[in-house]
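Multiple structures are listed underneath, in structure tokens.
Below are two complexes that have chain A in common, paired first with chain B and then with chain C.
Now for the complex of A and B:
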């Protein structure tokens, strides 16, 4: 009967969810980003032990300011959003009616913490250059 | 006002894949999307297929994606969605024809929740109904409002990824009976909810809560179920 049920990634992303849906997507991007970082880190360490030049190249990639900002985004968003989910899961009756306000507070906290982290990475990188 | 409707069309007898057909019709801003669909079916293209029954937001037949979001066509006014409207079938269920999806997997999941009162205890001494205080009734009032339209389940990314997941609507049926003071099947239902495809697959994306045409706080109710699964407390 009829067309299959498969929902492609692009179709799912086109669904017009609200802020919690986007937090859900960013949470997964954050998780995948961290997994990517750990994989690269392990590969780089292994390559360096073997004396391969590629290890040095990978190290340069993940110590670059752009990658540091990306990984900081992943870690901080995943952590702060995860904290929101845990707190709401613990107090569904009391807190879940205010989920819209809570997600706004989460985003405000994330912007402050992430902004500070980016500032720190950028000033350190500029200090190295001068 | 002139309204441009882009409607997903799929005829299993002719088409290998779906396509979009655009219709331009005159409508009043206070018309509902369902009125416009009825107009197209009645006056322009009788082959257009969609479900509808009561047309007043009670039967839950005409849930569909309107401008990318699950809604009931009979509760959505043209003025609220603008003059360019895209109408598509619900996500995550097989498309039977045009806007009609196969609801069987959805109802199969619903039935798994034992959605009926379980109480084998003898009736009260007067032989009449089992009484309940207003507070006890209020405990599950929210989830009695569900009309099984599937707008919640088909907006859930966990359900898109895996239709074995029971989905928010089925979990609402479980909530409705688990927190009913007259029911004695809570333990069985909590065990079902603890299965791999149970409440743990809810990742609190809140799409269900936002999509529910009855305004049920679905994610909150699922949160209450998760807590009951862990603590065993159903008060």
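Now for the complex of A and C:
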């Protein structure tokens, strides 16, 4: 049993699915990124509470601006794209015909929210240095 | 684009298989997490976040309202922040996000595992990891 696919990675990357395809891929990357890093973060915090040094080390990495920008990308894209999916699935008959326009609106909203988040992370980091 | 006809069946006509249940579960937990985050942000603002916390710290607190997430902020008195209510909200968020997440990870990995045997291991391993991490998370939330 199981699916058989004979499509190479390079063919997959050239797939012209446009915005819905990229929303789907980024939703997966964001979700997998969160699952991985939240798992490590919980285990690191547990280690920290037990007094093991490895926990401090990992959680210190997590407070760095670069990591915060990456995880905010995962969280905010997954959250905003997920809300778009929920809304489309709640009213499929009315909204599905406009899915491309809705993805464009979602992207605009994401850029505004993520831009503000990055701005806030950078100014906080600069404030901490001075 | 309005010439495209939607082929979606109304929910009442779809029947309830395991896939249909998990489809609804994923969407319901997504909305639930929005509720938890909103509650966390409103609670933080009521308890004085406006002058004592940065945007990132408020977000961190809202995502999981556990005592550890209010340490190292400018909040002077953390007593209202470490109440049983906020620990309960954090536990709810942990289990909601965890079950949503473990289902998502299994769905993603299924796409890259062609054999039934691999797919079964994918389920056992990820659900096992989720169980252990959920226990560790609950321990952190209730003993910190």
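Note that the second predicted complex is superposed on the first by the 117 of 130 C-alpha atoms of A that agree within 3 Å, B and C clash if a C-alpha of one lies under 4 Å from a C-alpha of the other, contacts with A are read in each partner's own complex, and residues count from 1 in each chain.
Everything that follows uses one rule, which is that a contact is a pair of C-beta atoms (placed from the backbone, for glycine too) under 8 Å apart; a residue touches a chain by one contact, two chains touch by 3 or more.
This one's a predicted model, so the numbers in the text were calculated from it and none came from an experiment.
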* To do: Examine A:32 and indicate which partner it touches, taking first as chain B and second as chain C; both and neither are also allowed.
  => second
* Touch check for A:115: first (chain B), second (chain C), both, or neither? -> neither
* Structure fact -> The chain contacting more residues of chain A, comparing chain B with chain C, is C
* Figure out whether A:68 sits in contact with chain B (first) or chain C (second), or with both, or with neither. => second
* So, does A:11 touch the first partner chain B, the second partner chain C, both, or neither? -> first
* Asked: Is A:97 in contact with chain B, with chain C, with both, or with neither (first, second, both, neither)?
  -> both
* Asked: Once the shared chain is lined up, is A:21 touching chain B (first), chain C (second), both, or neither of them?
  -> first
* Overlap of chain C and chain B interfaces on chain A (superposed complexes) -> 1-4, 85, 89-90, 92-93, 96-97, 99
* **Contacting residues of chain A [partner chain B, same complex]** => 1-5, 7, 11-12, 14-18, 20-21, 23-24, 85, 88-90, 92-93, 96-97, 99
* **Residue ranges of chain B in contact with chain A within the complex** => 10, 12, 17-18, 65, 67-69, 91-97, 102, 105, 155, 157, 160-161, 163, 203-207, 209-210, 217, 219-220, 223-224, 226-227
* Structure fact -> Note: in the complex, chain C contacts chain A through residues 1-6, 8, 27, 30-31, 33-34, 54-56, 59, 63, 68, 97, 101-102, 104-105, 108, 113-116, 119, 129, 133, 136-137, 139-140, 143-144
* Structure fact -> Interface with chain C, chain A side, in the complex: residues 1-4, 28, 31-32, 34-35, 38-39, 42-43, 45-46, 49, 68, 72, 75, 79, 82-83, 85-86, 89-90, 92-93, 96-101, 116-117, 120-121, 124
